[in-house]
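Both of the next two complexes hold chain A, though its partner changes from chain B to chain C.
So, the complex of A and B:
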């Protein structure tokens, strides 16, 4: 039940709760969107809490997001100023291989990224003034393991349709500052 | 202020017009730096498409395990980005200083062709001075 030194279900406690929506002025939730991809690029989950602007239709949007992350990983692995021998650009990288990024920020949003050794990628899009989201992402991964992986009816590689997972996720995201 | 690893300047079409490496182990040859610059240009544009709200101007800060990347885009689409140590402070200020040097010593140079690689001695000199000021404070630690 231990992964990344995280806690088991019984001990999972929400971080000190801020009144929902205060950080960003959003009604009810502090995050904008969440994506979960598996290693082949299938979008297992897309949750949206506050997204006034939809530039592309959901399919395209998810493909674009995955493509961006793939390219960014190649970019950071190649750009790494501390390693001497780097592979060529465009070579698919294994999870954990080479330097990887964990977040980027624009003037309208902050994207936090986590890739697990199994190739599951979790992306959380929040308000630009959000702090370091690495711990919350690990917590979300734990929720995923508890309610999705351990669900005997879940077919791996297919989109997630577990009510318990969605509820717990929404509850947790509400407590993020 | 912390030391920076490298500086890139990209023109509005995504072509690399200036690249200077300040002593990183991962020094790149010309081809690689050109590819990375174009890659960054595209990703900067794509990140605007994924914004949940209006008015996104692209990536300003990228945080990775071993480095941070700060990017400044001028109103004309020229991008300046520095690769520095994680947690380096005042990089936005440094980028603005570099932008000022660019306007003074590159754009006002009558022999400089727009969007072409920068080959201006005065720009190089003043840039080294500006970066050097940072490094002195680093060695003084």
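So, the complex of A and C:
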């Protein structure tokens, strides 16, 4: 009976202690994961802190996330009641063109999104009770500039493998409420 | 409300770390000198400087956006203004002026009265074809390409060729919209 063997016992236990890094809504444990895409859709960084469920392989997952943002942005721009000139649905927009959403919330998570004019997209998934993440996203963008863009050995447009960046990011993300 | 985009780069310039101007000027001079030795042909040096500038530009744009709080410009006129007033101030410590617009608003001149790069430079007879500051045109081209604008940047006037100021002609070729990068079948 493999159901009762090994580590799965801990999962069946009536009130398991939350593993470290669990998004609990308390300070220090709020972030689930972060994606950074560049303008050509390359996932520069995927970092996760708490994600118990993986349903897709990482590549599919990243592609799906990028597709979601791409369509959602196109939709939001199309539904904008204040703008006179709108492109047709699905027609490519210039980065920053039209209106753009900056977050959506479900009952289990909140997704915050920032796109800068250079086409860098930063997506942060957090606990649904977290506050406005626009400033934190800007801060993460600044960390990215300091530790990735300014790293002379980083090849522009390639996946990020900078330890300093990861350390600083992890530290900062712990402070989010 | 997003914070208002700055009209000048003074505030940012005051807050960033700076290096000694002479060190900066002389380091750049040393690079050009070395390129002239390595590549021998003045034409090749121009090309290499432009390429180096381009590589700087594609990175510099992110630092610029992160530090300056500039959001998307409405049109190319505003873009040129931001480069001249905020960009040049932030990274070179000088301000350029924008003049000579063509009627369509797609090309203009950036005029630098004061260019810290050429402070100690005199072109010898053998290097008359050298665009000493060609790195700048590369930086602008690279940075604008990252914000969806294909441009062509050329030198019109150069203090080292006896003119009274440096003038860069920036021409907007086309704006590139964002494409969905994946095909259905991959």
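FYI, the second predicted complex is superposed on the first by the 149 of 177 C-alpha atoms of A that agree within 3 Å, B and C clash if a C-alpha of one lies under 4 Å from a C-alpha of the other, contacts with A are read in each partner's own complex, and residues count from 1 in each chain.
We take it that contacts are C-beta pairs under 8 Å (C-beta built on N, C-alpha and C of every residue); 3 or more make two chains touch, one makes a residue touch a chain.
Since the model is a prediction, treat every value here as computed from it, not as a measurement.
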| item | value |
| --- | --- |
| Simultaneous placement of chain C and chain B on chain A, clash or fit | fit |
| Partner chain in contact with A:103 - chain B first, chain C second, else both or neither | first |
| Larger contact residue set on chain A - chain B or chain C | B |
| Touched partner set for A:164, first chain B, second chain C, both or neither | neither |
| First, second, both or neither for A:55, with chain B first and chain C second | first |
| Touched partner set for A:141, first chain B, second chain C, both or neither | second |
| Contacts of A:32 with chain B and chain C, given as first, second, both or neither | first |
| Which of chain B and chain C A:40 touches, first, second, both or neither | second |
| Shortest CA-CA distance in Å separating chain B from chain C in the superposed model | 9 |
| Set intersection of chain A contacts, chain C complex versus chain B complex | 67 |
| Chain C - residues contacting chain A, complex | 55, 58-59, 61-63, 65-67, 70-72, 146-148, 175-182 |
| Chain B residues within the chain A interface of the complex | 5-6, 24-26, 28, 32, 35-36, 39-40, 42-43, 46-67, 69, 83 |
| Complex contacts: residues of chain A adjacent to chain B | 32-33, 50-53, 55-56, 61, 64-65, 67-68, 71-72, 74-76, 78-84, 86, 89, 99-109, 111, 125 |
| Complex interface listing, chain A residues touching chain C | 39-42, 63, 66-67, 70, 91-97, 116-120, 138, 141-142, 144-145, 149-150, 156 |
